[in-house]
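There are two complexes below, and they share subunit A, which is joined by subunit B in the first and by subunit C in the second.
Take a look at the complex of A and B:
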């Protein structure tokens, strides 16, 4: 058994009577020009194509539900790119926070506001042309800047970096355990304890503020959505007592009654 | 660089298309066999950033504008991660090191916070105006 494990492809091809399907498959694979293929590059091209294609799909789609779906795929492919760059913890956070949290929030927003005329608000064709021209010029500027530095262009060394979760967590609590780059002065690096605390308090404030902004509240003035609903004749004959006059007090009482449950 | 390409094409009378392509950077190498570099990630980041800017300027739905902001932040994040990675540089010395990954983490967290607040504002706007079309949000116009 160990002898079989030591054999390379050429030796396995001599064992054709023993394991014919495996040997023929391996021989066929070795005949294909895939020997020099860098699978990291292939996966990069796959994820990069998915991310760019779905990002352009977000721009091109008019339906907001489709835009949200394309954004999910684009951000998920971006997480794959992070994994391929050796940032495993950032890729996991991208999947958990962005795809699992932010996009669920966005999809809830889409569902809460998806009235029929609002699902696809089409921009005018002149706006499309203007955006295409501005986007093409911005993209050419960014690509020119990206190609302008020679050190960024060369192929990578191909060293698989160490997992970054532990140095990242230590840096967030203020201790740097990663290797300092050349030329760093002694004691010249600090941790990220203070930004970490600021961000955590910021998240708390933001969540309280978002809950305050989006809470159900009683209203003094009738909302346009209620005015729209009350303007439509639901009942054919309304009793005289419930026909609301246009006065402010009666309208306010009615809208508070309508909007109180929201 | 383009002048060099044109000069090469003009000097040699018969130029095969492959030789022409070989003078253009990134097309001279087989992308399936060559390891990727920082510039590949920068291209993806530039495309996502441009798509996000186009989304922010083109869409009239407030949620579409939010999605554009998410795309812009992701394009920036790709650049941060690419500059943080020692895998992508020919000399193995990353520009940012671990700091790029920390900044990318903060960007993800702040994007989540921004999405929560912006979505609450959008829902408030929808409750008050019965629309999410930002062109109709002109109450503060003087």
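Take a look at the complex of A and C:
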């Protein structure tokens, strides 16, 4: 038995000659010059234009919070480019890491602009010149590099099936499930576990370092246990403490215990 | 849908546009219509919990039309903007919030293959996009030029860094069990009896579900985590200065996000669109493509998922009107000191459970058919081989070829 779907299609296709308006509409739609456009390119240009426009907005704005917002939009458009290219994972990553990371920037912007001098940033003309030269040279370098790759000039290679994120994850834990290119040596099939681990440990070190820097500073007020210790009778140690005020002798060890934490 | 329209003879771009438009309008209606119903429900539930009656007059005995009346009132309200406000950001903020909430709906499946856009990394996409909603809150708080709003925004910023970490860890567990981030596949893997839901997969997933609930409530700014709003401390927090339609956009975003995190919980832990009893499967129907009955099965699945998500939203309302608001340091303590370690331990526990007891306590007892990893199968000699997408799709849909459990868990560590 054929599905309902197929029967519907058959019915309407047989009916089409009987209903001239529908047929003419369809023909008109197909004949529109818009029909021949490569929509992939159009969407690419749209997202790329948005990304570039908001990037210029970041430079042109003079308010830190607005800059951060334009940066978010610019990075979001870049994520759109990734989604357009079928790289869902990279696109979601872009949203998660870059756009989410800009959130912290935004928060700092909000906190900084509480003070008057940073509400409106007006760089001096020499700064503008300097950054323009630096930016233009970087841009020209990137453009020449991009246009020197022949494969990137023409249209795309056509529709390729959107890859799944699973091979990516498997490769990160050391198992390559994709087909290696021909001529790869046997050792070339290993995944990326070592770089992955190095990056993880690196990030862990950064986290620990940040927590160390941001830790609560040394206490001014004695902790309850110190107060308890100082309330205890300390007569036997008192002479030793006066003899060794630097607190590194045998008696000083006890006094250091008593006054611990200071 | 687009293929169907192309089959009708429409040119491709018209077909794709219409298909996209239909999905977008439907999702928009889910948010807007859902907000209407949920606001009414919230009023009634709040009233009942506080021993009141709630709306009783507008639209009959139960006040059915109360939300509609509210909506008309909001439309008629004067649109105000404070004098020192940053006009652009002030106007933009509600839409940023709303768009983030709306975009996340694109990847949420409502039944098998009833999804705006089936993404290979659906879970990740939803979590990433949902995190963008915070932008609207912080922008609104900053642009309002009001101390209350700024306080709300700063609290939200502090809250966001505390709940994002455990939320991500909770979401990872079902992903690990299913071996894919595709929400449709995750839901399909829990087909069968209620016991195959990931909530009941093992004790660790049961606990981590409640950690997820905690973090999800924090992520949608609902009491006891509504610090950004805190109407008894900060007037109305980040939306103090908003009125009229802009204000209602914030609320639509909030209710949309509530529905979204509940739907995500339903797909990840509560079996998605699979009911507690697999009626369709017992009757011999499947929700695969190409069968007329599949549409009915999917409709039932849709009702299942919406019902579960609605239950989640009602649960959030229940705790909102039951628990007092936490202080900001208590929020951070809850999320970072308790939820994160619990989630980490449960993640490790679920991993080891999968490693040593992959069949559950009672092997062969109501485990879902079609245990197959997405995209690749286990080849001879334990080496993974890439599977073609078509092969994968068909076997996932029908669940016919019950491939030997090709889990990460059984792979020898290298």
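Convention: the second predicted complex is superposed on the first by the 164 of 262 C-alpha atoms of A that agree within 3 Å, B and C clash if a C-alpha of one lies under 4 Å from a C-alpha of the other, contacts with A are read in each partner's own complex, and residues count from 1 in each chain.
Here is the rule we use: a contact is a pair of C-beta atoms (placed from the backbone, for glycine too) under 8 Å apart; a residue touches a chain by one contact, two chains touch by 3 or more.
Worth saying up front: this structure is predicted, and the values here are computed from it rather than measured.
> Based on the superposed arrangement, let me know which partner A:110 touches: subunit B (first), subunit C (second), both, or neither?
In the superposition, A:110 touches subunit B and subunit C alike.
> Per the overlay, which chain contacts more subunit A residues, subunit B or subunit C?
Touched residues of subunit A are more numerous for B.
> For A:175, using the defined touch cut-off, is the partner it touches subunit B, subunit C, both, or neither? Pick first, second, both or neither.
second
> Between subunit B and subunit C, whom does A:139 touch in the aligned arrangement: first, second, both, or neither?
So A:139 only meets subunit B here.
> Looking at A:55, would you say it contacts subunit B, subunit C, both, or neither? Reply first, second, both or neither.
In the superposition, A:55 touches subunit B alone.
> With both complexes overlaid on chain A, does A:195 touch subunit B (first), subunit C (second), both or neither?
first
> Mind working out whether A:89 is in touch with subunit B, subunit C, both or neither, as first, second, both or neither?
both
> I'd like to know which partner A:164 touches here: subunit B for first, subunit C for second, both or neither.
both
> Determine where on subunit A the residues touched by subunit B overlap those touched by subunit C, and list them.
37, 89, 93, 106, 110, 113, 161, 164, 167, 178
> For the complex, give me every residue of subunit C touching subunit A.
Interface residues on the subunit C side: 4, 7-11, 13-14, 16, 86, 88-89, 92, 119-121, 124-125, 127-129, 131-132, 134-135, 138-139, 141-143, 150, 153-154, 157, 160-161, 164, 179-181, 290-292, 295, 373-376, 384-386, 389, 411, 414.
> Which residues, counting only subunit A, touch subunit C once they are in their complex?
It comes out as residues 3-5, 9, 12-13, 16, 26, 29-30, 34-35, 37, 39, 63, 65-66, 69, 72, 88-89, 91-93, 95-96, 99-100, 103-104, 106-107, 110-111, 113, 161-167, 170, 174-175, 177-179.
> Where on subunit B is subunit A touching in the complex?
Within the complex, subunit B touches subunit A at residues 25-26, 29, 31-44, 46-55, 57-61, 63-64, 66-68, 70-71, 74, 77-78, 81-82, 84-94, 97-98, 101-102, 104-106, 108-113, 115-117, 119-124, 126-133.
> Using the touch definition from the top, list the residues of subunit A that touch subunit B in their complex.
For this pair, the touching residues of subunit A are 36-38, 40-42, 44-45, 48, 51-52, 55-56, 58-59, 64, 67-68, 71, 74-75, 78, 81-82, 84-87, 89-90, 93-94, 97-98, 101-102, 105-106, 108-110, 112-113, 115, 118, 121, 123, 127-128, 131-132, 134-135, 138-139, 142-143, 146-147, 151-161, 164, 167-168, 171-172, 176, 178, 180-182, 192, 195, 199, 202-203, 206-207, 209-211, 213-214, 223-225, 228, 262.
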